[in-house]
Amino acid sequence: MNFRLFALGLLAIPVALATFLVPDARGFKEPALARMIFWHVPCALLSSLFVLVAAYYAVRYLNSPKMKWDIRVGAALELGALSAGLAMATGILFSRVQWGAWWHNDPRQTSFLIVLLTMLAGLALRGALSDEIKRASSTAVYCVASVIPLIFFTFVFPRLPQIAGNSLHPSQTIAQGQLDTNYRVVLYATFFLLFLCFVALFRRRVKVGEMELTLENLNELDTDRRRDPTDPGVVRPVSLPKGH
Amino acid sequence: MASISPETSPAPWLSQVRAVFAKEWITEMRSRHGIFVSGLFGVTAVIALVFASYTFKPSPLLAAGILSVILTFSSLLGVPRLFISEEEQRTFDLLMVLVDPGPAYFGKTLVTIVTTALTGFLLSLLYVVMVGIPVESWPLFWGSILVLSLALGASVSFAGALVLGAANRWVLAAAVAMPFLFPLVAMGVGALGAAFGDGRESDGWRNCLAILGMGVCLLALGPALVPTVWRPGSNHPRKK
Amino acid sequence: MVLAQAQNLGRKFGDRWVIRRLEFELRPRDVLLLTGNNGSGKSTVLKILAGLLSPSEGSFQIAQRFGYSALDLAVYPALTAREHLLFSAKVRNCPDRADELLRQLGLQRAIDQRAGEFSTGMRARLKLALAIQHKPDVLLLDEPSAALDEAGQEALANLLEEFEGAVLLATNEKEDGRFGTLGLHLS
């Protein structure tokens, strides 16, 4: 068994237990269920992180078009969409339990939905292009260009005074240390755990992509070896007699 | 693409842009398909709105929101056509043989912006007249429409350029344009809302400036990034 | 002087290699005849050299001034023949030579007619005019005579005989074989 994965599994047990054992938070309609933020906030942060990771590898691909960068761009997009989806799902549950409705017309909820849709659009673009080189370059360009609106929606838009004032989401609670100490410690722990989980997933996804590429290259090598030994392999033109 | 001697000097960048602009303009004016589709959608949307809301007058903010959405969708319907049609009528290869991708993209984007602005001006006027919204600041109103047209044209062109060669290009163009369009709609509501009397005029101009900034960013990014999609490196090594 | 060359050129679509390990070098007056069955990769080679497709492996070089004409290349239906040549002259920074070229290729009567109203043969002539307008050093021609009538084929023959650069001619027409100085059969 992979030692790192085993260690990650071992770490997950106390962190998951801590999320249940921490005292109930005050000021919520359903204090026991406020624990959802332990998973909701880290997932939202991780999705933003993967947006930046995808853009970073996209720039590397545009600088030097190698498929290994494209594999990383694809992996970051997939995991970004996964973490954004999880953040969305936990957010919707939280909204139902604490605020009384599955969907509030909350600007922050909507802006995060746009972030999720943006990543899904990137994946749709990848899926719609069959030529692997075109797919890689289109995705890279999309990831680089969409990073500006994504940063706007993730970091700028929710903090605009007119938005922050109308949102049910607290905007600076964690940054300003307004969170209960126990809650803060567990929140950091779950973030750390999820961060490690997603890094492990990212590495696995990249490895799978690279193995697919290696397998493809090996198949070609095998075909080359099985070629007729008298076949020179190279296709060159021959001179034609005049007026043939 | 690698090249070997003898070298020649290709036409300057701006001359190529001018030539592409002229070609696209002539083509667009002869078929008028893009303008027609955008305009028809916008007019239908305005009439539907007037028909549905004859018993009440929308608030300045709601009116600004509706107008921004109409302008966005009208540009989304007609504009990527300029890029996608090039592939659908199979002339994209001819364009790539004749023109460098950067100026080809920029020339097309400029035509897109002009047609978006034309339909935008007409639709906005029609909207204001038919819905009967009082405009508090005409300079801000026309300024907002102008910068929105520029940014919408640049965004939708960018999306149209990215989806060339993809399956379901039309739907995909809309999906890919989304991250660029949503901020524009949000800022457009702010700018037009101020023009209709909701909030301070200075805030409206600030929104206009933000829209302009985003449009200029996309205009500058496009010619730098799109060539890598339209003409991926000729010596692209597949192996990792 | 080498005008076009390919080293270990290969292109695959999906899992299938259409061309592999292609090597050639073209000098002035060379006419490389590319032959092969449908799907053997003739058009792919020309598209790679024209910069319309990227190779999956290998590399190539081609003189900056090249002309390309192919059966599946479309022209702008809303533009006239003259407008096509004016547009390409502007972007290529060369004289338009519209009257001269269209007369040479037998299109002088259709000079102000929109390409959307052209027959397939007329479109093929217009594409040839666009390919040679800037006096290229290399001509990439994909099935150039497939849609041409007798007069058109004669115009093409004259053009190839007078051409001083290198030509890559992908064809299945036996008649075109007489132009070749080099041959490459793709399978």
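Each chain gets a letter, A, B and C, in the order it is written, and its residues are counted from 1.
Note that in this section a residue touches a chain if its C-beta (ideal position, glycine included) is under 8 Å from a C-beta of that chain, and two chains touch if they have at least 3 such contacts.
These numbers come from a predicted model, not from an experiment.
**Q** Of the pairs B-C and A-C, which shows more C-beta pairs in contact?
**A** Between the two chain pairs, B-C has more contacting C-beta pairs.
**Q** Relative to the centroid of every protein C-alpha atom displayed, which chain's own C-alpha centroid is closest?
**A** Given all protein C-alpha atoms shown, the central chain works out to be B.
**Q** With chain centres taken as the means of their Cα atoms, state the distance from chain A to chain B in Å.
**A** Chain centres of chain A and chain B, defined by C-alpha means, are spaced 29 Å apart.
**Q** Between chain B and chain C, what's the gap in Å when you average each chain's C-alpha atoms?
**A** Roughly 35 Å, centre to centre.
**Q** Averaged over CA atoms, how far is the centre of chain A from the centre of chain C? Could you give it in whole Å?
**A** 46
**Q** Which chain B residues reach two or more other chains?
**A** 232-233, 236-239
**Q** Please set out, as single numbers or ranges, the residues of chain C touching at least two other chains.
**A** Touching at least two other chains: 54, 56.
**Q** Among all residues of chain A, which ones touch two or more of the remaining chains?
**A** In chain A, 130-131, 133 touch at least two other chains.
**Q** Would you tell me which residues of chain B are touching chain C in their complex?
**A** 1-12, 15-16, 18-20, 22-23, 26-27, 30-31, 89-91, 93-94, 96-99, 103, 231-239
**Q** Write out the stretch or stretches of chain B touching chain A in their complex.
**A** My answer: residues 158, 162-163, 165-169, 172, 175-176, 178-180, 182-183, 186, 214, 217-218, 221, 225-226, 228-229, 232-233, 236-240.
**Q** Would you mind writing out the residues of chain A in touch with chain B in their complex?
**A** 62, 65-68, 71, 114, 117-118, 120-121, 124-125, 128-134, 136-138, 140-142, 144-146, 148-150, 152-153, 157, 210, 213-214, 217
**Q** Along chain A, where are the residues that touch chain C in the complex?
**A** 130-131, 133, 216, 220, 233-240, 242-244
**Q** Using the touch definition up top, name the residues of chain C that touch chain A in the complex.
**A** By the definition above, chain C touches chain A via 8, 13-15, 17, 19-24, 32-33, 54, 56, 177-178, 180-184, 186.
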